[in-house]
Amino acid sequence: MTRSKDEIAAAVAADIPTGAYVNLGIGQPTTVADHLDVGHGVVLHTENGMLGMGRAAVGDEVDPDLTNAGKVPVVETPGCSYFHHADSFAMMRGGHLDVCVLGAFQVSVAGDLANWHTGAPDAIPAVGGAMDLAIGARSVFVMMTLFAKDGTPKLVPELTYPVTGLGCVDRVYTDHATFALADGAVTVVETFGSTADELADRLGLELRTP
Amino acid sequence: MTRSKDEIAAAVAADIPTGAYVNLGIGQPTTVADHLDVGHGVVLHTENGMLGMGRAAVGDEVDPDLTNAGKVPVVETPGCSYFHHADSFAMMRGGHLDVCVLGAFQVSVAGDLANWHTGAPDAIPAVGGAMDLAIGARSVFVMMTLFAKDGTPKLVPELTYPVTGLGCVDRVYTDHATFALADGAVTVVETFGSTADELADRLGLELRTP
Amino acid sequence: MRARVCDSADEAVADVADGATVLVGGFGLAGMPFTLIDALIRRGARDLTVVSNNAGNADVGLAALLAAGQVRKVVCSFPRQSDSYVFDGLYRDGRIELEVVPQGNLAERMRAAGAGIGAFFTPTGAGTMLAEGKETREIDGRLHVLESPIRGDVALIAAHTADTAGNLVYRKTARNFGPVMATAAATTIAEVRDVVEPGQIDPEVVVTPGIYVDRLVRVEAGDRA
Amino acid sequence: MRARVCDSADEAVADVADGATVLVGGFGLAGMPFTLIDALIRRGARDLTVVSNNAGNADVGLAALLAAGQVRKVVCSFPRQSDSYVFDGLYRDGRIELEVVPQGNLAERMRAAGAGIGAFFTPTGAGTMLAEGKETREIDGRLHVLESPIRGDVALIAAHTADTAGNLVYRKTARNFGPVMATAAATTIAEVRDVVEPGQIDPEVVVTPGIYVDRLVRVEAGDRA
C-alpha cells in the first residue's frame, strides 16, 4: 500500500528534531504542522515576517494583519516575534532555518529542485519565496507524489522543468518511498507497496539501500 | 581678523537648513550642535545607533547605555529612535543624512578628503565611521584650520595624506575663509582677515569668487 | 526633512508623475496601503512601474490600480494567486509587463537601494532562468548571482502608528515590506491608523525611523477594504 | 535549537576553542559583554581573532582579554582611543595583529555573513588604502569596493532582557553591534540583565529573534564594570 498525503506529512514531521526552526512554505507542506508540537518543540517561521507562528486562526481570532505565507490567518505562540521582509529572508538565506519543507514538480538525483514553474508557454511565472527556501535552509525536505498523473517519474536523472535551486534537496518523501539524497546518489530509506528494486525499475534510476 | 573655532561652528550651523538630518562626527564638529536648534529644527544622527540625539548628559542624566559616537553620555530628544549598527550605517551610506560635518587633515580641490590617518609609520591606524560619513551624506562640510601649525596649506591641489573619501567634500569652513567645492573648482564664499587673492597666493591655488 | 501630515491621501500623492516607479507595500492584503492606492487612481498617473510582492487581489488596492490601466510594468515575486484575475487578464492580453524576482532578492534589492549597496552576490536564483543574463560567481564553492538595487521614486506603505517626527510602528505580519520600501524610495508616504506626538512612541520600539518618512496620511480603521 | 539558560558565564563559554574567531559586542563600554569576556579570560582560550568596534578601553572587558595575551589578531574600526593603552602597547611591541575596517563595512560584512550574502559592492573605503588589493568596480559612476562576509565561531554580546525562547531586547545605544553579531556567529551567547518567560516580551518589539541566540547568561546589573 502506498502512503496517504497525511501519512507523508506525518513521516516528514517525525524527521524534524525537537527544537528545530522550520518553514513549511505554502500548500501541502503546511499540513506537516498538524503532526508537530508547534509552539513548544518546534518553532515555525513564515516568510512574511514571523517566527513562532501558530495554527490557523478560527472565528474571532482572525486578524487580517496576521497571516501565513499562503495569506491564511494564523495565531501567535508565546515567544513569537515579528520582523520585516529583508530580515525575514536574511534569516532564510543565511542558513538559520533547520528545515524547510517544499512541494515539487521534479527532484533530480543531484538534489536539484523544480517547483516554481512548469515552463509551459501560457503559464504566468510566479516564484514567491521558493528559491530562497530551496537554497537557505540547512535541510530541505520535499513532499510529492513519486509519479505524475500520467505515470511519469518526478524523481529524475536531470530536471526537465525550470530549476528552483541546484543541489539543495536532502530528503524526498513520497507515496511510494522516502529517499535520502547525497553526493549525487539516491538512497531508499523506506518503501510502501513496492520494493526498492521495483521502484528503481519504474524510475530508471540506480537506488541504494541503507 | 580670522574666525575663532566657535565662529566657524556657528557658520557651519547657519548653513544647515531647518529640518535637516545631521551627523556631527566626533571631536570639534560636535560643537556645531551648540549653534543648532537640536530636537526641534534639526535632528542629530549618531553612528552608534540613534536618531534624535540630544545634548551632553549632566549629573543624574548620565547613563552608560546612552552615548554619542565619541562615547560621551548624551540625552534623548522627543521623537528619537534607536537601531543597530548595520541599520545605522545603512542610513549613512544610503544617502539619507542631509549633512555631515567632519574635521580634516587635508581637502583637495576635487573634494577628496583626508582625515583618518597621518600615514606616519608609527601611527596606529583608526578609521571609525569617517569613510562612511565621507561618502554617505548628501552634503559633506569640513571644519578645519586653513593652515597646519607649520604654515602648510590644508586645502591642496592633491592629497598627500591617505584618502578618506574621493570627491566627497562640498564646503570647507576655516579660520580664514569658507570655500565651496564643485566640479574641481574652489569658490571663496567669504574671507576673514585676508582677501581672496591673498589666500590664493598663500594656498597656491586658483580660487573663484562668487 | 521632517514628515508632513497631509490633510488627505490625494494631497499626499499629488506629485506622483507619469512614468514613476512606485513601491507598494503589502503581502497580499496585509499591509497594503489601500487609501493611498485609491488616491493614486484618482490622481491618474500613468505608465507606472509598480514594485510589490504580489500583483493585486480581487478588485481592490493594487488590483484596482492595474484595472485602471495606469501600470505599464509589475515587478513582483508572486503575481499568480487565486484572486489575481485582474493581473492575469492584462498579462494574457499583452497589456502589462512582468518581471518576476525571487521574494528574498526583491526585499534585498530594495534594502540595497536604501543602504547604499551598489550590488550584491546572492545564492538565491543562481543557476535558474531568473538569473539568465546576470553575472554569476562561485563563492566558497557555491554559485551566486549579482543583483542590483531597486529604487523607487515613491513608496506607498501602510503602518499602524506614526509620530509627527515620522517614526513608524507596524502591526503583526502587516509589517512585511513597509520598512524596506521606506528606505528605498526618494519619497515615502505612509498611511497610518494613528498619528501621535514625538515622544509617544517608545524610541526602543520604532521600526522605521522618521528619516525615511516624508508624508503621513491618517486613515480610519474603517477605511480599509 | 532553543536558547539554553546557562548557570554561569563559565559554562556558557566552556567550548570556545583556541584559534576561534570571536565577535565581541559593544561600542566603547556600552553593550560590552563584560561578564562573558571575564569568563573567556578564565577559560584561557588562546590565539583568538577578536572582531569588535574598538580594541578595548582601560583595563576592563576586551582590554583585559588582550592583556591576558589570548588574542592573536584584532579586526576593528577604531583601536586608538584615549584609554586604549593595553592594545597600543601590544601593537607597538608587535605582539598583536590589526585589521582596520571602516565601521560601516565592519557592520555590513557581519550582516552579510548572517544574511547569506556572498559579497557586496560598497562605496565606503573605495579608493583608499583600506581597499588596497580588493576588487573595485564603478557602478552608476561611483567607485565601489567588493567586501566579503565576516563570520564568527562565537559571538559574545550584551542585551537588556531575554525570554527563554532566546528573544532579545536591548537598551538605548548599547544595542549597537549586538543584533548584527548575533546573526553572524555559529554560536551566539548573550549576557542579559533579566530572563523572562516566552510571551513576556511583546513580539512587536523583539530586536533579536530567538533563532539567533544559543545561550543566555543572567548577570546582575552590579556585575557591570
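Note that the chains are named A, B, C and D in the order they appear, and that numbering of residues resets to 1 at the start of each chain.
Throughout what follows, a residue touches a chain if its C-beta (ideal position, glycine included) is under 8 Å from a C-beta of that chain, and two chains touch if they have at least 3 such contacts.
Given the structure is predicted, the values throughout are model-derived calculations rather than measurements.
Any chain touching chain B that also touches chain C appears here: D. Here B-D and A-D are compared, and the pair linked by more C-beta contacts is B-D. Between the Cα centres of chain A and chain B there is a gap of 53 Å. Centre-to-centre, using mean CA coordinates, chain B is 28 Å away from chain D.
In whole angstrom, the spacing between the mean C-alpha positions of chain C and chain D is 33. Separating the CA-averaged centres of chain A and chain D is a span of 34 Å.
Residues of chain C in contact with two or more other chains: 108, 111, 115-117, 122-123, 170-172, 204. Listed for chain B are residues 50, 82-83, 89-90, 92-93, 136, each touching two or more other chains. Taken together, the touching pairs give a contact graph of some other shape, not a line, ring, star or complete one. Looking at which chains touch one another, you get A-C, A-D, B-C, B-D, C-D.
Listing the residues of chain A that touch chain D in their complex gives 17, 19-21, 43, 45, 50-52, 76-83, 89-98, 136.
For chain A in complex with chain C, the residues that touch the partner chain are 46-50, 63-67, 71, 82-86, 88-90, 92-93, 117, 122, 124-132, 135-136, 162-166. Across the interface of their complex, chain D is touched by residues 108, 112, 115-123, 137, 139-140, 142, 144, 169-172, 202, 204-205 of chain C.
Taken together, the chain D residues at the contact with chain B in this complex read 27-31, 53, 77-81, 88, 91-92, 98, 100-105, 107-108, 110-111, 122-130, 143, 170-180, 207, 224.
Against chain A, in their complex, chain D makes its touches with residues 1-2, 111, 113-117, 163-165, 167, 183, 197-199, 203-204, 206, 209-212.
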